[in-house]
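Below is a structure I'd like to ask you about.
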Amino acid sequence: MLDPAIENFLSERKAARIKKNLKPGISDQERRAIELEATEFFRLDNWLPDAAKRAGWLSMLSHPGKFTHPSAKTSAIIAEARPKPDGFLRTGNADTDLDVLGNAAALDVHKFLSLTLTDGQTVLAHLEQTSAAIQTQFELSTLPFSELQQGLLAIKQSSDTAKTSEKIKQVYFPVGDGYHLLSILTPSGLMFKLKEAINVLRFSDEAKQAREDRRHQVHNEQGFAELYNLSVIGFGGTKPQNISVLNNQNGGTAYLLPSLPPQLETRAIQPPKTGFFSDSLYYKHYQDSFKALHRLLMVNHNTIDIRDGRDYWISSIAEQIIEKVWQFRQLPPGWSDATNLPLAQKIWLDAAYNEQRENQDAWLDEIIRAIADWFYIAYEKTVGKDKAVFLGDVELAHIRTVLGAMQEDLR
Amino acid sequence: MNRFLIIPHVKIHNANALSSPYTIGFPAMTAWLGGAHALQRKLCAGQFNGLAFTRAAVACHSIDLQTYKGRGDYVHSIVGTGNPLDKNGERPSFIEEARCHLSVSLVLEYEGVDQDDADAFLAAVETQLSTLKLAGGDILEFKKPELLKVNGADDLAKLTRKLMPSHVLKERRDLMIEAMQNQGGDIDAVTALLDYLTVRHRSESGEDGQTEWTAKRKKNERKKTGWIVPIATGFHGISALGSAENQRDPDTPHRFAESLVTLGEFVMPYRIKRLDELLWHSHYDAENHFYLIQQHSKEKYHGK
Amino acid sequence: MANNLKVTVLAFEKKLVPSDGRLYGTSWERRNEAAAPLKLQEKSVRGTISNRLKKDLQNDPMKLDAEVEKPNLQTVDSCALGSDQDTLKLAFTLKVLSGIEIPSACNNAEFYASYKDAAQNYIDSEGFSELAKRYATNIANGRFLWRNRVGAERIEVAVTVRNEGEQQTWIFDAKSVGTRDFNHDHADIAQLAAKIADALAGKTEFLLLEINAYAQIGLAQDVYPSEELVLDKGNSKSKKSKILYHIDGVAGMHSQKIGNALRTIDTWYPEPEGGAIGPIAIEVYGAVTNLGKAYRTPKEKADFYSLFDRFARGEKLSGKNDEHYVMAVLVRGGVFGESGKD
């Protein structure tokens, strides 16, 4: 018995061939001839030896050069690397498909070799293992199994000589006193594996349902995950098949994950006129942090986690202030001349005082005290005077200690 | 004591933003260290033959990625450059190139320059850098390079303040290693990576029957995490060392390789408290065929 | 051709490195005093969604979602002078580098040596004076303004040397310098050309020029920044039909576009049917994009590869003009190994 997958493969192609050759208005006799020809053509005894001849027109590989440049011709590498929890996205650390390059007239051979048989293994895997099952399946009157096997497995043979291309990025990497020269290739299977994973997040029925539920504010047990700011890259324009089989299957596009720092605030800023704390810090911007701090202040017990949590929010507010400070330091030096800022603040904020800022400390003590005072007021303002926990000398001293530890960050 | 060459505010045009086959944005660490090495070679060829740039950091002041997103589009598209026509006057088929314009300050740890030669060294740096490319892009301008000695933690702040405001990369391979270890046997780097990059939307039904949806990023309880991004930090050799037809130099051992991608964290420089959280160096791991640009020593990951 | 001179990897870095151009608006009378950055206008309600995230958006994923789900609108970009501005200012820098005799990659030592000799011969005998004259002319005539040059009342180009310790400025009346040919003996252009030639020939390490062009085109007139080539993968129904280039919000001209104008110096291509069309940009096949035509074909042995094969191997080309063309392609830069021909 022929495996149903193989059976289907052949009968589908047979039907397609008949359909293609049947022209309207032909005689019954001609129709029978066409059907007979197709039946003969797709008899395993005939088709398989032909496929074995054509398998060599294709090559399976893991890293096609054409993803770098459509005319880059490189060796058909099949990379093998063992999985390891080494923290890298790389070949070996994910299950991937091999890609295929070559003559389009032989792509059906690749499809055939990729068929999954009833035992869950592919034809190709069976051939590579020379399994008993496949030997039985492929017992032909026309060609001995060994020749058939050799022919079909030609799809995985790479040439003897390694070949790179000037179209490929070739990178020198220092090793000891010399270098290694690396031709950088694209693992297309891994790239499209990532695409598949992202598409599951975006388009799976579960994800769609969960999004729908959120829109209607209905509970959904699984929830969903979202990736923002993806880019899409195209390979081969309107002819993705010119790049590779996997590329064609993926419509010639893959996703790129964003790898960007946060945007620094570049909007025009108003320099303070009389005081940094009153003119430049808006309580609203610090509301979330103060509220989080407030929740921890409300807790009665005093574990190390609670203390760490409080310190975290104090320093994160200070960090927000530091980022603000650097905006003013970008302004043309001397801008504070026209203001009534206290000297300590001028030193802190105006690039004209860079030297004093580095070499003196008195101004910094003053600034840290001023930040602690602002903390006291800002906390009350953002949380509400009636709700705020009273910050006594002990608490203020602690805030000054946390800020003091950040002295060099604040400088 | 560590000695540094700082090249402030280098403006680079059309740098390569395709840092790996999976990432777009800030150029790969391999490209930056490659640039530092190219500068070293140029300077060594001149008067400073003992010079070595041992480690480097790149502070990103601004980056302008050349992508476009229309309203209602979910994804960004790459903004291309017109390729020249071929001999038939037709547009050849091509692979999209991702570009960015950016402004960075370079921090290069160096040794092998006599302190009496400081002025000549700085002048040579200025001349040589003007003729180089960096991360695949053109250097349009930069501010006067300077030298700085760093002695201990307080001194480090002097260095990091010079880089403000900007963001520098910290290697967070530790997060990805942990995620992969927690997968128990069936390692899947794709899932481990995406886990830190997605926003999870979850719902809870309250007592009053009201449903509340929240959105959160993955946090690591023990290891603090901030602005986490995927970064390309090296290459993975995928064929034996040997020689290949059409290699750009027949005398250097050749092999095929692919990008290595892991996690990184962008932080503002003032938050860096140790030099090795700032600086990157190159390392060849022969056992795994890894060509790495890394911050931490091998020991950290393999517990030696 | 001897097989031992086969070179499969060969690349050159470009030697003329322009920045992007930034567009400003001003008035002719006050052009040297003040100019305001020109913004793009979108014929619709809002500015484009940034590809960069603000930190607060990252921390608040709910807002992110809202950002993504904003509604669609049909729009185009445009750019114009303000109602009190009659003059466009285009500002860019240009770096000229030496080292043409050294490829950035070459995997055949014999070829390398033979090419280096040929290039050195060219430098010694020509000193890049002809190419430099043509590049200088294309700076002085404001060709890089492209469509903004058309219909301008007056055009002035100010060029300043920005190398450390040097101070030299030329002011050109661009309309008096032609764009059809390079046959002139303009003294200031000759000075600028000499600077460029010295850098290309390696007599100086590099040259850095700042270029400010002023075109008086009339109050509130439209100006033309570069158009973006978006390889659109979006799925939105309403597409923006014209996307213009900006740099941090300032209307911009692509560096590639400026580079293309500067190297529009090829008048040496074979006479096509219907007569020559004036200078074309230096390209390996003499391709002119907007005409969809290549003026230097391998059939006539007039393309770069045919000529360079002979030049680099020490053969004499049929005339100086062919040598100028070959060197100009190398100044442009690119990847030129044997496999690159098809």
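All chains are identified by letter, namely A, B and C, in their written order; residue positions are counted from 1 within each chain.
Just so we're on the same page, a contact is a pair of C-beta atoms (placed from the backbone, for glycine too) under 8 Å apart; a residue touches a chain by one contact, two chains touch by 3 or more.
It should be emphasised that the depicted structure is a prediction, and the values quoted were computed from it without experimental measurement.
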Which of the chain pairs holds the record for C-beta pairs in contact?
-> A-B
If you average the Cα atoms per chain, which one ends up farthest from chain B?
-> C
Compute the distance, rounded to whole Å, between the mean C-alpha positions of chain B and chain C.
-> 29
Provide the C-alpha centroid distance between chain A and chain C, rounded to the nearest whole angstrom.
-> 35
If you average the CA atoms of chain A and of chain B, how far apart do the two points sit, in angstrom?
-> 16
Which residues of chain B are in contact with two or more other chains?
-> 62-63, 65, 67, 74-78, 96, 199, 201, 215, 227, 245-249
Quick one: which residues in chain A touch 2 or more of the other chains?
-> 165-166, 170, 226, 228-229, 232, 234, 258, 260, 262, 266
Multi-partner residues of chain C (each touching 2 or more other chains) = 8-9, 51-52, 55, 58, 61, 64-65, 68, 105, 231, 233, 248, 337, 339
Note: in the complex, chain C contacts chain A through residues 8-11, 50-55, 58, 61, 64-65, 68, 105, 231, 233, 248, 335, 337, 339-340, 342
Chain A contacts chain B in the complex at 62-63, 67-70, 74-75, 77, 79, 81, 83-91, 93-95, 161-166, 170-176, 178-187, 190-191, 193-194, 197-198, 201-202, 210-211, 213-214, 217-220, 223-237, 239, 242, 254-262, 264, 266, 319, 322-323, 326-327, 329-330, 358, 408-409, 411
Chain B residues within the chain C interface of the complex | 13-14, 62-65, 67-82, 84-90, 96, 101, 126-127, 130-131, 133, 138, 140-141, 199, 201, 215-217, 227, 245-250
Would you mind writing out the residues of chain A in touch with chain C in their complex?
-> 71, 73, 165-167, 170, 226, 228-229, 232, 234, 253, 258, 260, 262-263, 266
Which positions of chain C touch chain B when the two form their complex?
-> 8-9, 13, 17, 19-20, 48-49, 51-52, 55, 58, 61-62, 64-65, 68, 70-73, 75, 93, 95, 97-99, 105-107, 164, 205-206, 208, 228-240, 243, 247-248, 254-256, 283-285, 287-289, 291-294, 297-298, 303, 337, 339
